[in-house]
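One chain, chain A, links the two complexes that follow: it is found with chain B in the first and with chain C in the second.
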Partner chain A sequence: MKGIRLSKKIVATLVKDQVNYPSRLIIDTFGLIARCGILLILYWYIFKINGGVLNGTTFIFTAWSIFFYFSFSVLRLRDISRLIMQDIQSGNIEVLFSKPMSYLFYRIWWQVGLGVYSFVVINFFATIILILMLGIPSTMTIGIFIPTYILTFIFSAVLSLLLYTVVGLLSFWIDDINPIYWIVDKAVMILGGSYLPIALFPVLMYKIALYSPFGATLFVTHTVSESWKTNWYQLVGIQFIWIVIFVILTFIMFKKAKQRVSVNGG
Partner chain B sequence: MIKSNYMNKDSIIVSNLTKKFSFQVKNANSNWLKNIFFPGKKEIVAVNNISFSVRAGERIAFIGPNGAGKSTTIKMLTGILFPTSGKINILGLDPTNDRKKLAYQIGTVFGQRSQLFPNLPLTDSLEFFGVMYDLSDDDIKKRIAELIKLFDLGSFIEQPVRKLSLGQRMRAEVAASLIHKPKIILLDEPTIGLDVVAKKSLRDLLLKINKEENTTIFLTSHDVGDVEFLCERTIVINHGEIIKDLPTEELSKTFVSEKYIDLIPEKIFTVFPDLPAGIRYSLKDKDKITVIVDVKIIDVQESLRQLLSTFKVEDIDVYNVDLETVIRNIYERN
Partner chain C sequence: MSIKNEIKFAVYAIKKNIESSAELRTSFLMNVLGMMINNVAFILLWMFFAKSAGPIGGWTPMDIIGMQGFLAISYGIVLSAGNGIRKVAEYTASGALDRFMLSPKNLLTRIATSSMNVSAIGDLFFGIVCMTIYSIAIHVSLIQVFLIFALLIISMVSFFSIIIIIYSTSFFFIDANNVTTGIYELYFTPALFHGGAFQGIMRFVFTFVVPTLLIASIPVEILKNISLDKLLMIFILTIVWLLVSIFIFNKAIRRYESSNLMTFGN
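Let's look at the complex of A and B:
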């Protein structure tokens, strides 16, 4: 009960903070327009010069798949790695460790709170604009779409947080986690279908995307594909298995990490 | 039974506490590959077998030079660091195993770090910590009202924290640490960077919460004023070991065998003759002479007799060295 109240308070306080200082919203909006917009224009052109069909898929499916990636990325859940690293490097971890809560619980909800305002505002308007400009693909009109989308979205968020938390926790052993963060982040971006939609993946790469934790963190991009209605439970199952693995890994790493805390040599 | 009652009055009991840090070091005799896979190890004993206890409501200064082991000890007391060996009992809890439970009973202030939301008014941070400490909404409101009154926060409570002066922010930090009425407050350099007025204001407030709420104060500081004004007892630590644990007012007597004597001339001083053994000049001025008397060599009465026979004075003042000199003396001696 205390956990729910505290998580609500963390999110509410950070939303208030974001509302008061909307610079992040502006940055996120421009980021989404620039990255997603440019990609959509490029793919629109590629589909056009290829007669409208590529690898058996059309532009509308590709556009929504890319949009789902970028809409998810507005949450910036991956930033938890750097937040943990900063806590350790700056010594701020001592302040958080002296509070009556789990450090990871706090950091996870903090990260959610940081991104949720931009996520809601930007996606509300971006979704309307995309619907008006491109319409809705048939795969998004079936009955199971919304509940399964919500389910895989939640699992994607949880898995993302866990994956990047594990990377962040490495800061207890490694001074600079940026190289590892960079490798993991690029693996997530590529296998998650950010720049190349998964519908255009060759078979081997598709399998890697399917069974690796990097691809599984972004199964939201699969929801728009034709095969989603038949294999969604398989994908959600894969996400669930990775979540269990990463929960165990996070737990073990954090237990070991707590014994390695050291701030200013003491 | 008597022992048990006494123990109940102790809020902190530390027994044979040791903390060792080990870290990897490059071995100059090995090649780079060997250094990656089989690096050398170095061990540092930050805290070495210390024991002490603190009674409920006491105000303790835990002082020592940089690297003495003060912050390491405070971090072990709060459960942030795990001891290598030894035991800590705070209000009946073991910080290593009961960190979260203990956090409800203690407050912490780390002078160089902020726990407040910089962009939001202070009320938001106080409400946030109220929820974190599981207070009901009504209790949070009541406690914030109490803290506003106690810490005189009213004039800036609605201002974003980043717009507060350092002094105001430190008052706010301490207030936030007291939202849950902790029985003990541990402060690590609370007055660092503050001007004299802000320092005094913060010390007054800490004294006030100690008197009004019987909060035990455990403080580390390099500021002698904090120790002198605030703490009735001082524990001196150096090289990880406690070298003295005594009432603050006895620090000077115990550690320094020197007295200072100021001599004010009838007219002006023109000559500064050699002084007897055990007395040396600290200040030679035509309007004032200050001498330092080593009472192990010559007692105060004899030194006064000698000085009065040498100089024609209008006024004379004998006093102890200031606490800063005492502490510097202790550190240098160790």
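Let's look at the complex of A and C:
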């Protein structure tokens, strides 16, 4: 109960902050236009010169798949790694450890609170624009789409937070986790279906995306594909297995990490 | 002050920045190697894309490597030598610009060389590897070798000019850091995309209005087709952008008001 109250307070405070200082909203809007907007225009041209079909898929499916990737990334859950690193490098971790709450719990909710306002505002308008310009693909009109999308979205968010928390916790052993962060982030970017949508993946790459935690963090991009209605439970199951593995890994790493902290005071 | 003295000072400042960063040897090497691995992601993405979509705008998968070569070398050199320009918003907000203004050196040189981006050295090495592979693959002639060097200079100058313009806007906004980050994203992100996909109005916009394609995509096409018309065009464009950037920087700097911090800038 206390935990729920704390998480609600953190998220509410950060949302209020974002509403009053909308600078992050500006960056995220520019980011979405620069990445997703321009990419969609380029793909539109590429599909046009290829007769409207590429690798057996049409532009509308590709566009929504790419959009789901970039709309999810507006949450910026991956930034949790750097926040943990900054806490350790600045010594702030000592203060946070001394508070009557779980450090990881606090950091996770902090990260959610930081991104949720931009996510809601940008995606509301971007979704309307996309619907008006392209329409909705048939796969998004089936009955199971919305409930399974919400389920896989929640699992994607949890898995992203856990994956990047594990990277962040490495700061207890390594001075600078940035190089590891870049590599993990790029693995997620490639296998998650960012610049190259999953419909255009070669067979081997698709299998790697399916069974690795990097691809599983962004199964939201699969929801628009034709195969989603038959294999959604398999993908959600894979996400669940990875969540369990990463919960255990995070717990073990955090336990070991706490033993390495020396509080100097002052 | 003579240009010779300015260059001498810039080289000295860059040397000191490298020495200072190399002190943390493990972190330095990890940053360099991490960035090189990180950059491979973009090549893989567009190679897979080219495999699915076939040649677009006359571009082959090998041209993607050439594009990454130009992009990474320019980015690497400009930001390992002149990353300070990206910190103008931070300097103006904290009052740190005071100490640069009181320096007898040229203000732009002093600001630009005040910081280095360690990971940009990784970009530089990665770019050299890509450019070597591309040169071997297209069997470069002697003229093309000269062209590579000429195009690299043009690419670096255009990139540097545009980031001067972008970060000069720091003097016009209160929350400048976020605004400049947003504009920079809008300018730089399309440079990572498949150059052949920019056709028609998109090519016009990203050549003349937002000159992103001057960094890598157009240089690759000039090198491949030995197009002297295009070379002349991007040379003139680069000179224009350089003059505009210096003009804007000098105008913008007049808007700076010293914050008179007791800490004298830090």
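Heads up, the rule we're going with is that the second predicted complex is superposed on the first by the 261 of 266 C-alpha atoms of A that agree within 3 Å, B and C clash if a C-alpha of one lies under 4 Å from a C-alpha of the other, contacts with A are read in each partner's own complex, and residues count from 1 in each chain.
In this text, contacts are C-beta pairs under 8 Å (C-beta built on N, C-alpha and C of every residue); 3 or more make two chains touch, one makes a residue touch a chain.
All figures in this text were calculated on a predicted structure; none of them were measured in a lab.
When the shared chain is aligned, chain C comes close enough to touch A:186, but chain B does not. Residue contacts after overlaying the shared chain place A:136 against neither chain B nor chain C.
After overlaying the two complexes on the shared chain, residue contacts for A:195 are found with chain C alone; chain B is out of touch.
Legend: residue contacts after superposition of the two complexes on their common chain; A:34 is shown touching chain C, with no touch to chain B. Legend: residue contacts after superposition of the two complexes on their common chain; A:20 is shown touching chain B, with no touch to chain C. Between chain B and chain C, more residues of chain A are touched by C.
In the superposed pair of complexes, A:178 makes contact with chain C only, with no contact to chain B. In the superposition on chain A, contact of A:49 is made with chain C only, not with chain B. With the contact threshold set out at the top, residues 21 of chain A are in contact with chain B in one structure and with chain C in the other.
Chain B contributes residues 19, 21, 44, 46, 67, 69-72, 75, 78-82, 99-101, 103-104, 106, 108, 110, 113, 115, 117, 119-120, 124, 127-128, 131-134, 160 to its touches with chain A in the complex.
Of all residues in chain C, only 24, 26-27, 30-31, 33-35, 37-38, 40-41, 44-46, 48-49, 51-54, 56, 119, 175, 177-179, 181-183, 185-186, 189-190, 192-194, 197-200, 202 touch chain A in the complex they form. Per the touch definition, chain A reaches chain C in the complex via residues 21, 23-24, 26-27, 29-31, 33-35, 38-39, 41-43, 45-46, 49-50, 54-55, 174-176, 178-180, 182-183, 185-187, 189-190, 194-196, 200-202, 205.
The part of chain A that touches chain B in the complex is made up of residues 2, 5-6, 9-10, 13, 16-17, 20-21, 91-95, 97-102, 258-259, 261-266.
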